[in-house]
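Read through the structures below before going on.
Two complexes come next, and they have one chain in common, chain A, joined by chain B in the first and chain C in the second.
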Partner chain A sequence: MSDTYSNDRPGTWTRLRYRLIPDHAIGEILSKPWIDTAIPVLFLLMLAGFFSVVSPEFFLPANLNNLSRILGENMLLAIGLAIVVIGGGIDLSVGSIFALCNFVALALIFHFQVHVALVFPLVVLCGALCGAFNGLLIGYLRLRAFLSTLVTLIIIRAIVEILALNYASTIMSSYDANGWDLLDFVADGSVFGLPSSFIFALIVAVIAHIFMTRMRMGWHILAVGGARRSAFNVGIKVRFTVFMTYVISGALAGAAAYFYAARLNAAGNQTGLGLELIVITGVVLGGVSLGGGRGSITKAMIGTIIVVSIVNGLLRLGLASGGSTAILGIILLLAVVVDIRWNKNRLKVLNRAYVSPTLVEMDEMPSIEEGSTSPYARNAALKDARPIGLGVLDGPEDMVLDDEGNLFAGSREGDIFRFFGPDFTRHELYAHIGGRPLGVQVDRDGSIVVCVAGMGLYRVTKEREVVPLSVRTNRSFFSVLDDSRVRMADDLDIAPDGRIFFSDPTTRYEISGWLTDALEGRGNGRLLCYDPKDGRTKTVLKNLVFANGICLMNDGDSVLVAETWAARIRRYWISGPKAGQDEVFLDNLPGYPDNINRASDGTYWAALVGVRSPSFDLALNMPKFRKRMISRVAPDNWIMPNSNHGCVIKFDDDAKIVGSLWDSPDGSHPQVTSIREHKGKLYLGGVFNNRVGEIDLPDADQEWTGYTSYWGTKA
Partner chain B sequence: MSVKSSIGRLDQEKVVLVISAAMFLIFAMTLNGFATIPNILSLFQSVSIIGALGLGMAIVIIGRGIDLSMIAVMVMPVAWSFMQIADGMPVSMAFGFAILIAVGLGLLNGWLVAFVEVPSIFATLATGMILFGGMQYIKVQSDIIQLPPVLEWFNTVMTRTTLGVPNSMVFLLVLSAIVWLFLRFTRQGRFIYAIGDNPMAARTTGLPVRQIVVLQYVLAAVLALFVGNVLAAMVDSANTRLFYSNMMYDVILVVVLGGVGLGGGKGRISNVLAGTALIGILVNGMTILDVSYMVQNLVKASVLLLALVVDSLINPRDEQTSQQGDI
Partner chain C sequence: MIGAVTRMWDAIRGTGDAALTVPAMDGAFMADTAIETADVLYACAEPDNLVATSSGVVFSTGGTILRVEQGGAPVVVEEGDASVTALAALSDGRVIVARSGAAPYILGEVGQAPLFPDTKGMTGDITALTVLPDGRVAATIGAEGLAEADWPRDFLKRGSTGSVWVGLPGQAAQRVAKDLAYPNGVVADDDGALVVSLAWRCALVRVRTGKAPETLLSNLPGYPARITRSASGGYWLSLFAPRNQFIEFVLREPAYVRRMIAEVDPRYWVTPRLSPEIGPLDPMLEGCTKKGSEIKPWAPSLSYGMVAHLRPDFHPDSSVQSRANGHRHGIRSAVEADGTLYIASRGGNVIVTLPTAQETVQ
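And now, the complex of A and B:
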């Protein structure tokens, strides 16, 4: 076996490659919510580059000014349309509503001599009413959005044509407006060099963003678009919400038409023809998903800027008729295809790109042969463990005994149970925390400190009050992922000065992915320190391979940290002359270490959650193989570290293995995640087990308790 | 037999036929020159094109899709082939290319809908724009392309009558019969119904769902090309401006109005013909009344809206049953 290992030793280049190239960053970038927006932004930059080469006059202030006026109007339409699309619908009638509102605005301004300031709300109202008609049809009558807005497109367009034919010359006979200065500003004015309509569109965009992300109505729209049935079932007024999206879209089309009317003073029947296609293309290109639930105002704006720039740029290039139609069609098609394929495969791509195995070189595993001289030699010491909490506990990862001899253990449902000593036949629900309680420790005052995966570090006081201690740490500067959240608090220990050291095994996975983290083998974990003096948490040691069990050493100056998937235990000095330094304390264990705790004779117990296997050790040595496996094989068939066969080992302050306790093949503790010694007995926990086990240690100090070892006898 | 079954269910097709008959009677009694043989014949002639396109649309809608690119296929390859013939290309070759273009677009539509899973409404909207814009950009710059002299016989045929029936009408009836035979008696035709009714069940049963969906769009495109040639022969020229008109919605109108459910799986050729009859009578009556083109559009669109409302009342969807992303 050793030959195979040595033959496969990677070269220096491979080592450097896996040390220096941050493969995991790709998956982390892909998992960012802004990635959907990043692609259109890149496209926009490329487009700007293209136009600056092909038609430099595109960037002349005169053209940009004109462009941004058009853009302001189109952005207003795009915001409305984005809200409709996010709500799960579509509005093709915006172009027609725009044309109708344009006509109404001109009639009010020039024919009826209404003050220009008053025209604005009236035009917006006109648009909102048209939108309300759509909303009635789609929201309340449950018509299909695409076809019914197509029909309202035709109906409103026909009305505009009839009006334009009969009254256009009448209303445009005078150019006398009530409030001419304001009209002039709306049409041609600028603020800080930006056109009025553009400024207005930006303000509306900010309001719409706040509306969609911070307000109840916006959340309802997202919910209805994302999962209509669920939204209905939780009691959201689905029909009203859908109705409102069309009203908003119509009102914004009215606002856009107001600026258009002031700018061009044209009541022709060609107004807004085909506008809906430009706006829809922009919204979808920006990354607002058809079908609803995904998208933002920012995305709609970016997409609209791209499409309007292209259409405008094509006009400048003097493309023959038909060319711009074809290109708009191609962009629309591409945008829809990319949107659909991306949404369908996003999670698949993410899953494959996210897991990024790195090179791990494991030494040859020490022998665990039964009857051998190895300190790890298998035996059946745990065979007769007596069960505690059978039928009550589900997955006690860790347990602890307090100064009164009661046993506390966490359970999968987020509960802490108390079993009354000394026989532990009676129990009670001590506290409900939620999350997934893992490591527990008892503090000087008898309160229980718990690591809760998915939540953080919590304290349960003697009065059974649940107090959160730490849910976040400092954010690393160079980490792509936001690692400020305590993702999966696992085990803890308490220093004499009250500081609590606890582990966060991986910043890349939730607790359900703890085995997947093993496939990476990278140091994703960390050691955190909660200081009760200022209530803050700091990351003290990073790049630990699945930092798991923590134990304060007998000297009180250092803690042991189990690095599970690296099969080693690290020592970190928390005070004294070597404070802040760390070193490998125990290397090349035969299995994956979990929790570590003190033994009565001044040594330490450590649980091995599983025994290493040659095949997985070999896989760790071959990161490309693991990458291939992840991308080609279903997760159920991935090679995983063994977690079905473990043991308890014992070692002393000089890192010498003193002995090991194994379960027999037919025993109840094949996998041990935690051990506690108390008054001559050893208690065993298992994260997937349904009990706490108890065995006798006849040779141990029958009066020793963990509590006195840490805090002395109670005064 | 019970009274109920002898009367039959009052479905949309029967309602439409009753309304058509009532409108026909009212127009016949109140309008001068409505109930004359020449007017009736011109009535059917005017809607035969819409009806024929409706047949292609019905195939796609029954298969739970929609094809908005039909007008582009109807005008562009035809206009292009006429220009090529005028430039000296052999007729068969020009038509061959036109058929290739139409089949190609049908394949593209079908591929986008069936394999890329783009909603049919977007896929066909975009491909229509691409085909129209692209061919306009490459070759067809003018709006009206005259029928080439070598094809004048086609015009003569289409403007004549057979046994007193205009040939355009005969064309619609023959085409209807062919599509009816296809949908009713061929395996593929039955599959289209099955897929439109429940695509997931059809797939589970083992039907070649994706291939059949592609077939729907190819058929619709070829049919549109065929209709385009007939239309050009009837009016002696190909008019590309039709792409910008409301013709597409008239086609959807006759199909939906007749009672072909947009949800797929429901509808027959007789539904399309009933819808075509109603619209023909309506348009003809309005034309005699000298109603302007724009108001006619308004009326037709309102009728379509009414048909959609009726469709949604007959085939209701609610929050529990409607499909996510079904727009």
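And now, the complex of A and C:
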């Protein structure tokens, strides 16, 4: 037993492993929107590797040039089809439209002797008209996309065959074109070594990408494909949007046919046969979801490159053409299966992979036993707290009193309420911010500076104007997540020079996931500094374990930062000879420190939001246990810091614990997240509570206020 | 071999023995607050072992045995140091007493007489006693060599060393079943066969000499304790704690359990609990966080109060409860006498009564 037991404890290797391997990056990479594209890209690289071994001549310039010429045409088709698919439809008729446009182009160039430059818009128009026919059927008559385009495929193919049978020899009798040089360029020319059609396809791709991601119409297409009914309900012209996707697809098929016609000059009825298979396979393989609403132009392009390379490579390998079609079919099947499974399960996979607990080693916690000599000994000092704002407030995480003795407290719905002193029975809605207000502080001019989760640092002026101060900081170089956004501004304090130091507890979770961050135990948090001189925000301390409460120390040269899940408080010098340095100020607290504030006797109050429990401390030491728990147990049943026992501790400048105030087990302040002393009274806030509490401090200075402690008496 | 493969497959898929699902409290176990709102008969420390005798209802608190007096304070029957772990009543009104660490005895007018003269092999505290229609006495031992108060240790080990013993008073007892997962209650069914509740298996089994136990009821949403007869022909089954996904998970984490047993004070272990109080050092699950200063009734608590009514064929048809925000948790015994259901909440330190007419089978 003793041997197996000692194996359960983390050894040097485990410590090293958790220090060196950034597990959390996996989930962060998975949460990136481009991850859907990464899989086909990986596939493409593997494919390239495969061909370089099996068929080295694949990469010869001649083949690549030929390949990119075909690619250019296919890409144009794929872009059009991708737009249709993203809009929730399907276009099977692209091959037929392509063939018709090819015929039209040849007829215009060689038979009617129209100038080659003028042929292009005419061919595109021809394709667009075919697409418009699809669009009418599907968008306005609301027929099934699959059946309608199948019908169009057959009809247009029939037209092409009739035309080819009767007129192919007629139009191809002459090889004289109006604008021969241009035709030559379109057919065989290249820019910077890249074929003209490929260059054109790239330009169209860039425009299409901007169209889909930056323009109103593109967004409408995404919306219609994602949720047709909702799109209709928000006022999008669904029928017109659907119609337009087919017009775009048809027009691009026309453009592709123009290049094809110029390149091959072949009016045969075999043109574009089976092309829709290649293009659809490419689009789906790239990760454009057949269900609509998900996908991008980039994905369609990558998929098309893969498929065209495979078809070309298989031809080079000498596979019979039936064989390569079969392989294409198999790839399409795989792509569809992966598409469906991935879309169904990606959030599940992400949720499991995202939370990544790390090894945390807590020291044995100090005693909190009632009646013991420990400074943390439990008592019931908060039992008789008088309620303020009962029935008004929902989750006042923090509150502050201004120089006139009014109390300001945030509430969950995004409001800041003002309670009029000294009895706080009257209240008014002071300002509506919208986000979740957390820490509040009063500035020299009496304005309220507030940390708003999900939004940033805001100021509410005396005129009740809400002004954003800081919503972003510098992006760190090695972070996978974009950490430039202030994710969950939590608490702040204002330095004598006006700089505002505030905490961002975790860059990995929104406020709804703040307890999940406790299960990770990693230093995901940071201390930020907003400088009013240039309006910029800088990250001054990183890797803090849930950076929470901030308090300017009495010396004015340093701030205290609570690291909640590490049960410690850190000191950071903001000015003076040690500016920029930091050290652990208070370690191994019996609970999880939240906000810190000054006390009237020159000491500090800190609220403990929860108490450490031995079973949770043990779980912190076993990261794999927590990882398995997260993936297998419902969140409601996760073991968590015990936040049902409120406590306030008091300590001095020498980090000596002076005392503690506890709530009774059935009291009304089960978790205390903030405290403020004001004129001999102590005010208590709680992030899950429905009130602010008030208790008397008979031994305290009855005239002391936080405002004068920071800013002196009002000038 | 096949078993090992199955276990590996289960571990990957989270099925079979690796499944952490717990039965929903639905149907017969639909949430109510009948116990929470019931009348208090006595407030006393950790009441347990309710037994109906011919001279009234008897129960114990700690080492003291008391008798319910209608309209007054309970009368002390016997006092002792070792805690009482099980009681039963003989038809002549005498009480059989089992105390922790001692052999069971019959409490008569003049003194104590050993129940079984020879208790060789019967190591471990008796968790339940009952008198069969033919006059024999059945006793269950929760786990071999285990003191009753130490049940969390056996629970975490997923122990399966319990046994059932039967014998006439004054004669040798026979072991009729062994290797059971903590037998915690025993009753004779209509045919006189023994039905035993297995706490760690959340099941009821019928035990017959020489035969494998036959499962009558399984997949209970809580850990069963005593079974007693109801006047309507069915049974009352006390469930002393709810099942919980996190606890099921911990049971399948041997390394965590080993370290918890070695490093953590037993008071703060992750186990089912009798007391509703979540102290500052107790394990707490996220759903139990107080919002607006209160625990929600649907919170995933580690304690609960429930007495289920079973039909004569041992299928549950209704239940009375005290939910997660209630206080009358940890009910190990309930007994019906004269149209009243007496419920002893060991975790809530009260005995409450419910009129049975409204609670019996609809």
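Everything below uses one rule, namely that the second predicted complex is superposed on the first by the 705 of 715 C-alpha atoms of A that agree within 3 Å, B and C clash if a C-alpha of one lies under 4 Å from a C-alpha of the other, contacts with A are read in each partner's own complex, and residues count from 1 in each chain.
Going forward, a residue touches a chain if its C-beta (ideal position, glycine included) is under 8 Å from a C-beta of that chain, and two chains touch if they have at least 3 such contacts.
Here the structure is a predicted model, which means the values were calculated and not measured.
Chemist: Is the arrangement of chain B and chain C around the shared chain A a clash or a fit after superposition?
Modeler: Overlaying the two structures gives chain B and chain C room side by side.
Chemist: For the superposed arrangement, I'd like the angle with vertex at the C-alpha centre of chain A and ends at chain B and chain C, nearest 10 degrees.
Modeler: 80
Chemist: Applying the touch criterion given at the start, work out whether A:45 contacts chain B, chain C, both or neither, answering first, second, both or neither.
Modeler: Neither partner.
Chemist: After superposition on the shared chain, which partner residues are touched by A:9: those of chain B (first), chain C (second), both, or neither?
Modeler: Touch status of A:9: second partner only.
Chemist: With both complexes superposed on chain A, which partner does A:665 reach: first (chain B), second (chain C), both or neither?
Modeler: second
Chemist: For A:347, is the partner it touches chain B (first), chain C (second), both, or none of the two (neither)?
Modeler: In the superposition, A:347 contacts neither chain B nor chain C.
Chemist: Can A:206 be said to touch chain B (first), chain C (second), both, or neither?
Modeler: In the superposition, A:206 touches no partner, neither chain B nor chain C.
Chemist: Applying the touch criterion given at the start, work out whether A:155 contacts chain B, chain C, both or neither, answering first, second, both or neither.
Modeler: After superposition on chain A, A:155 lies in contact with chain B alone.
Chemist: Between chain B and chain C, whom does A:429 touch in the aligned arrangement: first, second, both, or neither?
Modeler: Neither partner.
Chemist: Quick one: classify A:614 as touching chain B (first), chain C (second), both or neither.
Modeler: After superposing on A, A:614 lies in contact with chain C but is clear of chain B.
Chemist: Enter the shortest inter-chain Cα distance between chain B and chain C once the structures share a common frame, rounded to whole Å.
Modeler: The answer for the closest chain B-chain C C-alpha pair is 17 Å.
Chemist: Under the contact rule defined above, give the chain A residues that sit at the interface with chain B and also at the interface with chain C.
Modeler: Of chain A, no residue contacts chain B in one complex and chain C in the other.
Chemist: Which residues of chain C touch chain A in their complex?
Modeler: 14, 20, 244-246, 249, 253, 255-256, 258-260, 262-265, 268-270, 277-293, 295, 299-300
Chemist: Over in the complex, which chain B residues touch chain A? Could you list them?
Modeler: Per the stated touch rule, the residues are 112, 116-119, 121-123, 125-130, 132-138, 140-141, 246, 249, 252, 262, 292, 294-295, 297-298, 300-302, 304-305, 308-309, 312, 316-320, 322, 324-327.
Chemist: Quick check on the complex: what are the chain A residues that touch chain B?
Modeler: Touch list, chain A to chain B: 88-90, 137, 141-148, 150-152, 154-155, 157-159, 161-162, 165, 227-229, 231-233, 238, 277, 290-292, 319-330, 332-333, 336-337, 340-341, 344.
Chemist: In the complex formed with chain C, which residues of chain A make contact?
Modeler: Those in contact with chain C are residues 1, 4-5, 7-9, 368, 378, 394, 515, 611-616, 618-619, 621-622, 625, 628-629, 632-645, 665, 667-671, 688-691.
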